[in-house]
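Letters are used for the chains, namely A, B, C and D, taken in the order the chains are written, and counting of residues starts over at 1 for each.
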């Protein structure tokens, strides 16, 4: 077996770099999001937000992280220690793991080598990603149960119910994407949108909206943040967590948001594609690299998260369930049928 | 006993009907600062409240007030008083029913007549140690359950007993 | 207690118990079976303290009862003392008192708006808007007496300071701002689907129940009972002003919200009238330095922002009261919490509690 | 080991600086209000005074995630055990600010029900007088606390076995 330098570079070095980048990417996005969230919500609320550390408070997330790292880690005597310790890891790890199939940009040709902006490519990448990301609920349930606190337990229970109901509209809307693109591979989905010259969001607006609503619920974000509902459950499932373990949950929430925004972008907004990819006179847009497009798009959705949080009150538990079963599930079923029929004709 | 009450015929009307129905129970009626204050016997308080609510339309018990009379030097004055502040609307008349209570002397709870008496009675029990018989849940309301003494009694020091 | 219910201790430290209140909740899944409020975590022994203070010294303590609307508490106590003394208050002082208490009502209601939306989970945004508005009025108080929260702006016999043109222009400016803000909040909140879902048909209290429980204030009016002491037993020249008493029909949280928003508008009307018709003259009656009140007793109540605020004062001829009993609106409102919450969900408890506008300083005394 | 720490070598001193920089710029208060001062505490949080500029706006409802306990208001004897317990539930390092005269000394309430000063049950870092203190006063106190946090030596506590509080 002869090992040449190309093999080492292209088969070992670059994938390793990719993996590192793809783990760092959500982490950095989390940091950015922490800042965006606090400054953004301050902007909505007629105030300044953190602006003392670094330029415009950009170092604020780092200060928070340092503080959390050096904070005492309290483990209650009555808690189930193993599960208590595992829970934050499960939540964060599943959120990060799901990133490995996401195409963060388009293929870029450097000489003869095609640089791809994803860690792995799989014909069932979509299934795996959805599966992994919904596993994070397991961590929340772990946390709720192991804390030996009633507020946490209620938070965990709510989380299960929420997951069970919101996975259905998510699955049904993702099916429409699969129908439209004919593949469960993220890269194919993006390429199909390139081929058709139109983002799926404009083709299937209903899917897009339903997916966004359900995805917001999946992230436990306001107005669906019943899992950690401040005003009812103190801090929900992470009431008893302190120090960096709480930081894990904090990060996982944002990582999940980044993931959901990424899925949104890939499914419905053409991933790393420029706007109107096939229109001739917009040729110059193709000179902007794919990952820039991707970044701009997910930033929009991430800010949308903040915006919505700053605007809406929280749904009550039953209202949330009603929203799913009375509106989202029938709507997405109908949508699926319509898409299927159109797909059959076209 | 009652002066310038004729300015408020509604109150006069109430007082006279009270007098005619509960002849023996009414001890004293006083009209002071646009208010009618009727002192009645402790035993018939529940009947009187019921009468006022059902017949005279006093639909709300605004407040219950406890008093410690230990500093009052009057012949035959009992240790405590309990005041019932009633009002009725529409019409907006206020009337105060006063009963005198001795120490360790239970009073009939007004809870069956006015639901708002619930906490008010608990407060008086907490602060003065007056017992209300028939109250569904007579516990201390402000002080911890193991607190010693009744703070608003005149012999309780302001700083508390250590 | 039956073990199939989940028992939860909400408070004394909980983000939405509005102070140090302990609620023992029994839950059947998420549905509330039993609510048992546990008070006294802020019991400071006020009434005992008042028996050891002179009449004038009590006034600052009333600030600390309902600290969110201190002036109304001042007024309630001071009016009771004045009535017991038989003191005649100059018209100008009465008008200034009306202006101050109505500002306080706006401050309370607008602050309430922020808190209740916060309880419903609106992540502080409305709270920020309303508190910014509240600051405008606090500036007026600061200009008037120099304090913001516990301002002690009403003294026995009148008011300590006159109001001048600068203050009046500040008030007028703030009113205009508030009108705008109310419109903004109306846009965000009133027809918001989630807000409707959280408030309509939640915490319903019928008019009969409300009266039976002795409920007062906006919570009572939302149930459809038109009972406003300002209108029905006028004090401090309220009979000279033209204003409406808004009432609701359903008696749920949404109606309480509407009633309060309407009350803000009515208060603005009253303030504008008072400023327009402000009579000239003295701002305080002559009151002796050492206040000795002849024996007697009085119960006088006013319409505080939270409901009927009454003071019972028994004097014994010395300079200190024999007994001062405060009838706090929150105390009565809190009492009805249990029957409102039964059968609702856990998330509703905090919103119902918020909608009753209770404040522990006033309940625990 | 203890010897080295006494001298505060360069690396540890720099590490100290880094840690305290993080800590002082991210003091998350515990969202606990007891009485009147709580309203002024909320006012400080609000847009006009905007405590968030210093990264302090994250009011944590759970003591486990908070760094700073602002004792805002009267501590009654019934509440005192709860306050103490909440403080114990907070993870180290933690700081306490006694806000208002009631928390400092019982304030105007020398009665049977009021604890005469929260420093009888908690170690207080900063006292802010006033009844209640204005938001400016609270901000001043919090900035003082920031300076105080910046002067601490967390590495000493991490590496030395002796000075550690009982765990």
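The criterion applied here is as follows: a contact is a pair of C-beta atoms (placed from the backbone, for glycine too) under 8 Å apart; a residue touches a chain by one contact, two chains touch by 3 or more.
As the structure is a computational prediction, the values presented were derived from the model and not from experiment.
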Query: Can you tell me the least number of steps between subunit A and subunit B, where a step is a move to a chain it touches?
result: 2
Message: Please identify the chain with the largest separation between its CA centroid and the CA centroid of subunit D.
response: B
Message: Applying the document's contact definition, name the chain pair with more C-beta pairs in contact, B-D or B-C.
response: B-C
Separation of subunit B from subunit D, taking each centre as the mean of its C-alpha atoms, in whole Å: 47
Query: Using mean CA coordinates as chain centres, what's the subunit B-subunit C distance in Å?
result: 26
Field: For subunit C paired with subunit D, centre-to-centre distance based on mean C-alpha positions, whole Å
entry: 31
Task: Calculate how many whole Å lie between the centre of subunit A and the centre of subunit D, each centre taken as the average of the chain's C-alpha atoms.
output: 36
- prompt: What parts of subunit A, by residue number, touch at least two of the other chains?
  reply: 45-47, 230, 234
- prompt: Residue numbers in subunit B touching 2 or more other chains?
  reply: 142-144, 151, 156, 158
Query: Counting only residues that touch at least 2 other chains, which ones in subunit D make the list?
result: 46-47, 61, 78, 110-113
- prompt: Which two-chain combinations qualify as touching?
  reply: A-C, A-D, B-C, B-D, C-D
- request: Under the touch definition given earlier, write down the residues of subunit A that touch subunit D in their complex.
  value: 38, 42, 45-53, 57, 59-60, 62-67, 69-74, 230, 234-235, 238-243, 246
Task: Can you check the complex and tell me which residues of subunit D touch subunit B?
output: 77-78, 110-113
- line: As the complex stands, subunit D meets subunit C at residues 31-36, 38-40, 42-43, 46-48, 59, 61, 63, 73-74, 76, 78-79, 82, 86, 108-114, 131-132, 134
Message: Which residues of subunit A touch subunit C once you look at their complex with the stated criterion?
response: 41, 44-47, 150-151, 154, 222-223, 225-226, 229-232, 234, 309-319
Message: For the complex, give me every residue of subunit C touching subunit A.
response: 6-8, 14-16, 30, 117-125, 128-129, 132, 188, 192, 194-195, 197-198, 345-350
